[in-house]
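Labels for the chains are A, B and C, by order of writing; each one numbers its residues from 1.
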Amino acid sequence: MGGEVRPVSAPRQREPRAVRGLLIGLALLAIALFLLLPLAAVFVEAFRNGAGAWLAAVTEPDARHALKLTLLVAAIAVPVNAAFGLAAGWALGKFRFPGRSLVLTLIDLPFAVSPVVAGLVFVLLFGRSGFLGPWLADRGVEVVFAVPGIVLATVFVTFPFVAREIVPLMQSQGTDEEEAARGLGAGFFTTFLRVTLPNVKWALLYGIVLCGARAVGEFGAVSVVSGHIRGATNTLPLHVEALYNEYAFQGAFAAASLLTLVSLATMVAKALVSRRAGEEAP
Amino acid sequence: MRSARVSPSLLPGFGPALGVTLLGLSLVVLAPLAALLATSLRGSPRAFLEAVSTPRVVAAMQLSFLLSFAAAAVSTLLGLLLGWVLVRYRFPGRRLLDALVDLPFALPTAVAGITLTTLYAPNGWLGRPLAALGVPVAFTPLGIGVALVFLGLPFTVRTLQPVLASLDPEVEDAAASLGAPRLATFRRVVLPEILPSLLTGSTLAFARGLGEYGSVVFISGNMPMKTEIAPLLVMTKLEQYDVAGATALATVLLVASFLLLLVLNRLEAWAARSGR
Amino acid sequence: MTSRPGQLLRLAAALAAAVAALLAIHSASGRAASPSATAEILNVSYDPTRELYRDVNAAFAKAWKEKTGTTVTVRMSHGGSGKQARAVIDGLQADVVTLALAWDVDVLADRGLVRPGWQARLPHGSTPYTSTIVFLVRAGNPKGIRDWSDLARPGVSVVTPNPKTSGGARWNYLAAWGSALKSGKGEREARDLVAGIFRNVSVLDTGARGSTTTFLQRGLGDVLLAWENEAQLALAETGRGGVEIVVPRSSILAEPPVTVVDAVVDRKGTRALAEAYLLFLYSPEGQALAARHHYRPRLPGAAAKAGRAFPAVATFTVDELFGGWRAAQKKHFDDGGVFDSLFATR
């Protein structure tokens, strides 16, 4: 998903008025049916029993714990993937070497892998009968069905997002500025912090926003490795499912509305970042 | 720009940066996936083939591939419509609508799943009128399709928008001044330009739809041979203590994702070439 | 364009601080009171027991505090029975499992997590409460559903979870099969009846809860096959307006088992607590709680004390008609078994 690029001049409108109106109407209908209606449904269901019920549902201990766990997982997964994205950007964007495109494809792999498969692989690796499970169990380390497993699955699922934004940008920017800085005697860290990082900061932020949204909302992969222990390993999306299974529909949608607010914030942040990036582009 | 560049010797940090990249890649992606392959190769190739060729597995794979493909096609058409309208026309609320396109990407899949089910169930806002027309949506393949179209929409719109925006309007003007009708101009001039990104977007939507679980399980109905998707069957097999069957099916899905990514790389390279 | 590396550094610092703070909160919330007077066990259970164990855990914590002075927290994990057993096999640290059917505990025993002969450790084959399978129909029973044979009639839409993934669904399936045998019919006719019922199924959810939701909230189907306790709960949830319960002439005696996971309690040193927790289920208080949540208690008089009356049903057991869970599982539900053949032929 690339950022939005705006044309310099206002685009000309050459379709007949009627066609234009029809196309806009169709687009509005599609957006209303496909996007606005689900959004409205979340909040209507969440507030079905009034604001008090909503507040009670989002502040009960299990919901609070689920929210905290979700934020914790995102707060680990996002910086890890941001750091990785920068390293990948430097190695793959600024240099050419054999096998580079294979590495790029492998970085993209988690995007295409089914979340269920993503969860399964960690069970196969760290489960009691998995490859590393027995060794870890002997040392009292719990990975799957505990917080580390949830973090790992989330890092896996959100792995490509930052790198995917930064690598192409660093590649298109080339190495001239960095080489000039080096020529002036700047060290590696100075060059990186003062030249490279400012050039990619919008792409970095954009990637972080995408990565954060997925980290907060991941369901399939986390569902496989979580163990669903209430008040311990239930993330907010899993809490939504649990409530939904308890006939607590209003509660489920109340928790879902929190997640929806996060995604709305994501969309605003994404639009702002795209716009700032567009304004600053030469 | 795409001329092969040798590693510039002036810049430092290649070794450590590549090291971190490969280490991260190995720990997070490759080791777990290797564990999957190793587990699925533990049994004989015969057992593997048998596990992935039972009628139920074949039906689930067919359903997943067909529906993902159909949904990607619909997403592409809708994406073309939305992309065109959002890039070419100016009308009040355009920016808001533009931001809304990201909703399916930003919304957690479980939330999308329960919401779409609530909307399209026979007693839902949309499900009731549709059921009255004799078109049940939730708990049918159509319902899965709706969820997958929802999921794929941001990918098709967002890959198309930059390309549409960067099209040179003068080419279209030239075609128009030569007397070409608008539709012919679109077909002959615009479509070839945007085709690579249309295909890239639909491949992204297809790849995403093939593996999707969260937004689909709630709306699918989960009937074996009818509305059971492949990722759900992986879950089901795992719950039945059939680890071999689950890993075999997961391996097939993994290989499919990898192949799709290779296709995607080709498409992106083509798009980059024809874009400039 | 101005370069502002400082901004990014500050962002990174803020993120790092956030992580540290969250980690601190997280680890702090793990140990609330002084460690000597608290204990925690994990009960891994199936789907419809959520309400039951919420009450049982509170009552047990109170009783345990009075007896020993220790504050005990019982954590819960709910899901499909098979999925939960699978998670315990893969390392979910369950001190006790309270699952939907004995086969799922047998699987744990096969993997060495639970000692063989586990069923003899507690009274009634380690099943402190029972249930049976009943029908939930729309108000007024418009399709006139009275017994199992009515479910296979053309034009009746049935909702049940998938026997492959749901314990409750396996009880549903065996209840239908057994009712045919009980009425003097042979295996062939029993298979035809079950095939007819599943021909009428349009939604096969993965768990009992999913099916109840489909039937109640989505308004799908004419009849839901459900645990008696689940049907009663659904009745209470819908305010007794839209649905009613039909009890078939004969049905299965569903016996959900409970046991201590030996491998886990021996490592964690929680055996005494876990065993006391399970024994509490057999106590008058535990039995009354079971009855209140519409599980049939083993203790005579417990139902009356909880103000519950259970309709009389002629029940049969899995041991009696199917030769135990192992045999039933192998014949009917394993891959390539009878259930698969029902779907392959259409």
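By definition in this document, a contact is a pair of C-beta atoms (placed from the backbone, for glycine too) under 8 Å apart; a residue touches a chain by one contact, two chains touch by 3 or more.
As the structure is a prediction and not an experimental result, all values here were calculated from the model.
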Q: Indicate which of the five shapes (line, ring, star, complete, other) describes how the chains touch one another.
A: complete
Q) Farthest from subunit B in C-alpha centre terms, which chain would that be? A) C
**Q.** Which of B-C and A-B has more C-beta contact pairs
**A.** A-B
(Q) Using Cα averages as centroids, what's the distance between subunit B and subunit C in whole Å? (A) 36
Q) Between subunit A and subunit B, what is the separation of their C-alpha centroids in Å? A) 16
Q: For subunit C, jot down the residues that touch at least 2 other chains.
A: 89, 217
Q: Would you please write down the residue numbers of subunit A that are in contact with two or more other chains?
A: 130, 244
Q) Out of subunit B, which residues touch more than one other chain, so two or more? A) 232, 235, 238
Q | subunit A contact footprint on subunit B (complex, rising order) | A | 1, 4-8, 10-14, 16-18, 20-22, 24-25, 28-33, 35-36, 38-39, 78, 81-82, 84-91, 95, 97-116, 118-119, 125-126, 149-150, 153-155, 158-159, 161-162, 165-166, 169, 172-173, 176, 182, 204, 207-208, 210-214, 230-232, 234-235, 238, 243, 246-247, 250, 253-254, 257-258, 260-262, 264-265
Q: Please name which positions on subunit A make contact with subunit B in the complex.
A: 1-7, 10-16, 19-20, 23-24, 26-28, 30-31, 33-39, 41-42, 45, 83-84, 87-88, 90-92, 94-97, 101, 103-118, 120-122, 124-125, 130-131, 152, 155-156, 159, 172, 175, 178-179, 182-183, 188, 192, 210, 213, 216-220, 223-224, 236-238, 240-241, 244, 252-253, 256, 259-260, 262-264, 266-268, 270-271
Q. What does subunit B use to touch subunit C in their complex?
A. 54-56, 117, 121-124, 138-139, 217, 221-225, 232, 235-236, 238-242, 245
(Q) Which residues of subunit C touch subunit A once you look at their complex with the stated criterion? (A) 1-5, 7-9, 12, 15-16, 18-19, 22-23, 25-26, 29, 42, 47, 50-51, 75-79, 87, 89-93, 111, 207, 209-210, 212-213, 216-217, 237
Q: Spell out the residues on subunit C that touch subunit B in their complex, using ranges where they run on.
A: 80, 82-83, 85-86, 89, 107, 162, 164-165, 201-206, 214, 217-220, 333, 335, 340, 343-344, 346
